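These are the structures in question, set out in turn.
Heads up, the next two complexes both have subunit A, just with different partners, subunit B and then subunit C.
The block that comes next holds the complex of A and B.
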């Protein structure tokens, strides 16, 4: 499968999110096509992670609509969205401490796919193999370093059997070699038909994967389209450099 | 002395079962059920009704009461606790205080205020004992209760560590938001945990009715014992709860050697000493503030939240 389907698999229209008087998202329109890889960039506080939270159902949105594979997600919980095929990772990994790497992934497979124990075990093993975490399967997560925690974060999301995966700054803090491994993994996922949305500050890694870039600033979508054109956009440069170009 | 120690350990099994439900509710649902003791009494009253009212055998009464209590826990989580939890920190506390009062007076209305006991329905079990070398007598009933407590807590431990439901419970207890993103339905997990907790309370109530008497107003005292065992052992860890229960039982049993009035007081003293130690180590950790202190206090030995 490739990005040739015209119907977006995930579409958000006019999404607003306010915390009291603080408006974090201002009518954000966002979509991603089946099998597409989209990058989201923007300065800190642009609302990127909030957009992920809104899509994944971590909190109710103030107004707007979100559809996944044509189904309205309004009123569905994060757990329901996960089981509908939408997975999300956290910028700061949040493993289930006190459980092993395998158990973390197994819980995901069990709950996210609604699989029986045998199927969940198989899925967990597959995902651990794919993410290169198999040797650590019986390690308690509390003993993992940052890279492995990030890989576990991705593995746990993959174990839910998603059709769309939202990756939140999984590249930060990694070495160049680790980053290359990560890029290869995400490319492999995408060529396997998965739709990828990736928030990342490390542009050279992001641009090796995504075919479309969305730039956000101050809770709005500033520009989107071909990655190089978006990065050359004067408003995008202004948002990144903090001032208008002369 | 040795005999008092043995009695104390055996009594600890009963306290551990009483405390395990309270600990589980707080560890998983983040909810302090102040009606926990009253639910234990309710379990005893239901079992008593099956035996006295319906004329059933005690074993059958227990087999019927425990699932009934589990179903009640599930329903209460669904109908009452879930809604109360949305109201913030204070509402669940007020709700369970109210629920406790309703349970006490409801039971008073239904079953009367007489003290009741299952002791008369378990044959010679209430007084029979084994003699072990050294001239020590072990009551058969406390012995069986301790064994049951170990088996039941062991079963709950296996449930939490080895089964899919248990892993979902632990994931939710660690980070309910991240668990939701993995597709774990926190409400189902919470209802399941509440069912287990209330069934455990019911079992503890039945134990009490076998070894002593119950009245509709015995709940608050049971709640205090449960709290003490939980604080001594650390919340969220079944092994800790068992240790806490045994420590409380030992303190009471050894205290009774000094004077019968000192029995309960000795338990309270151990509880206060552990509490003071936890508070001081919490303050020493420099985390400051009463919230941090309470967190340090209750998660000192948390199994559910992993290494702390």
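The block that comes next holds the complex of A and C.
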């Protein structure tokens, strides 16, 4: 890998996670640089979402360290990590179903940025405009379809004012046109300086955004680096695409 | 930036809600002077109605807006009453003891919150009930309470009955008004928005930066103090403290009924539910066991035909929910 002078904005070292006898993450090392867009691929059960959970503080890790902008995240809650600038989305959207689209984003701005009502309203409006959801602002969330729920996941994460955003399979289940919209949104975010980490099975969408790819399998990092080199890696071919190396 | 600057704001209160508030203020003014012309019986009954409204509003705050379905709020009704009895016994005048007793119950709620709020849904509901029963047993060991016999706050007899009745009526009216206004302000603010997010999905709420435990704790302690003060006001009019009555699970059943029948998670629903429950008690109250049957039948009818409660009558017609907590965005470029 080429030498890069900038420090990683997010760095995980030797992260292990076990549920009883079941070991889900085996000493995972992972980092992402300021403003970088990194993709994570791997077969189902590779530990990708678990890695997100570990980074975002959804559960305590068994061992290892995670740093965000140089600060040790050990012992911090998911809410604290969000307020420190680390936002995440969920693979299966988890909107606040009793609230409207605007209220979902508003409460996120208020909580993640510590904004007052006026500032949170303004931030929510900006995020809704950016994600193309402004026409749906006062719609009850329960009435939204899948694409809009996925967009809301992203909008809600953005409203917290993150420096790093973790996107978990937000492309799944979308049509090609919807996917293009989503890719455009993520590219716009990245060009605005945001650091993006994106788990995705839809490779062609992912490869239009990321400059580096990490492939995981069985709770380990198999390979990482230039996306095309990673995808050509024999072990990755075997684990991810199911074809055995020649 | 080529994008047009967005200027956005939350729409002000709708005209319908402003009319409801003006009507409510007028009603409160009438209620404030009513004892001058109403009989003692009417004053007593209205006092009880105010207490029911407080219970309903507090349980709705817990379950309707924060998703905390407690079946143990009687712990604080009983504890507030017990603290009041003890304070009066120690020489405090009974009227300040109404509020100080409730605050003492709030301290216990704060301590309990560290345990019970780590539990979810059904576990939480059962735990609150079990703890209420455990506290009842402990209180009945106090020699002053004499087991299930209970004790009377005889210091209240030092006041002329008319004076006592009027004071408790006015205290209940003012406390109910402050409680409803307080709940309104709380729900419209940061805590209300965060509580509703937690009610809908606690993990997702945490992921957008909400310290879920702190928000739940705030709501739990406030709602417990609210139930306790409604309970001590009730005790002040009933005079006799008996553990089985004050710590009875029937209080939670009443709250549940009023909130579900009125419309859970709506602001005005539980108040309407309390009015209906009060009316049912008046109608069926003299029929012994039929009273419980009547309340049960009404609950079943609502579950079958009006699952959103009385407020559902508005919502089913496509009308906006009166006094809604909804924040509507409006933008102008």
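Definition applied: the second predicted complex is superposed on the first by the 237 of 246 C-alpha atoms of A that agree within 3 Å, B and C clash if a C-alpha of one lies under 4 Å from a C-alpha of the other, contacts with A are read in each partner's own complex, and residues count from 1 in each chain.
One rule holds for everything that comes next: a contact is a pair of C-beta atoms (placed from the backbone, for glycine too) under 8 Å apart; a residue touches a chain by one contact, two chains touch by 3 or more.
None of these values were measured; they are calculated from a predicted model.
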{"item": "Simultaneous placement of subunit C and subunit B on subunit A, clash or fit", "value": "clash"}
{"item": "Subunit C versus subunit B, contacts on subunit A by residue", "value": "C"}
{"item": "First (subunit B), second (subunit C), both or neither touched by A:79", "value": "both"}
{"item": "First, second, both or neither for A:180, with subunit B first and subunit C second", "value": "neither"}
{"item": "Touching partner for A:122 - first (subunit B), second (subunit C), both, neither", "value": "second"}
{"item": "Touching partner for A:137 - first (subunit B), second (subunit C), both, neither", "value": "second"}
{"item": "First (subunit B), second (subunit C), both or neither touched by A:110", "value": "both"}
{"item": "Touched partner set for A:65, first subunit B, second subunit C, both or neither", "value": "neither"}
{"item": "Shared contact residues on subunit A - subunit B and subunit C", "value": "56, 58, 77-80, 82-83, 87-88, 90, 94, 96-99, 103-104, 106-108, 110-114, 117, 156-157, 159-160"}
{"item": "Subunit A-touching residues of subunit B, taken from the complex the two chains share", "value": "164, 167-168, 170-171, 174-175, 177-186, 302-307"}
{"item": "Interfacial residue positions of subunit C with respect to subunit A in the complex", "value": "3, 6-10, 189-190, 193-194, 196-197, 199-201, 203-212, 265, 326-329, 331"}
{"item": "Residue ranges of subunit A in contact with subunit B within the complex", "value": "56-58, 77-80, 82-83, 87-88, 90, 94, 96-99, 103-104, 106-108, 110-114, 117, 120, 140-142, 156-157, 159-160"}
{"item": "Touch list for subunit A against partner subunit C, complex", "value": "56, 58, 77-80, 82-83, 87-88, 90, 94-100, 102-104, 106-108, 110-114, 117-118, 121-122, 124-126, 128-129, 134, 137-138, 156-157, 159-160"}
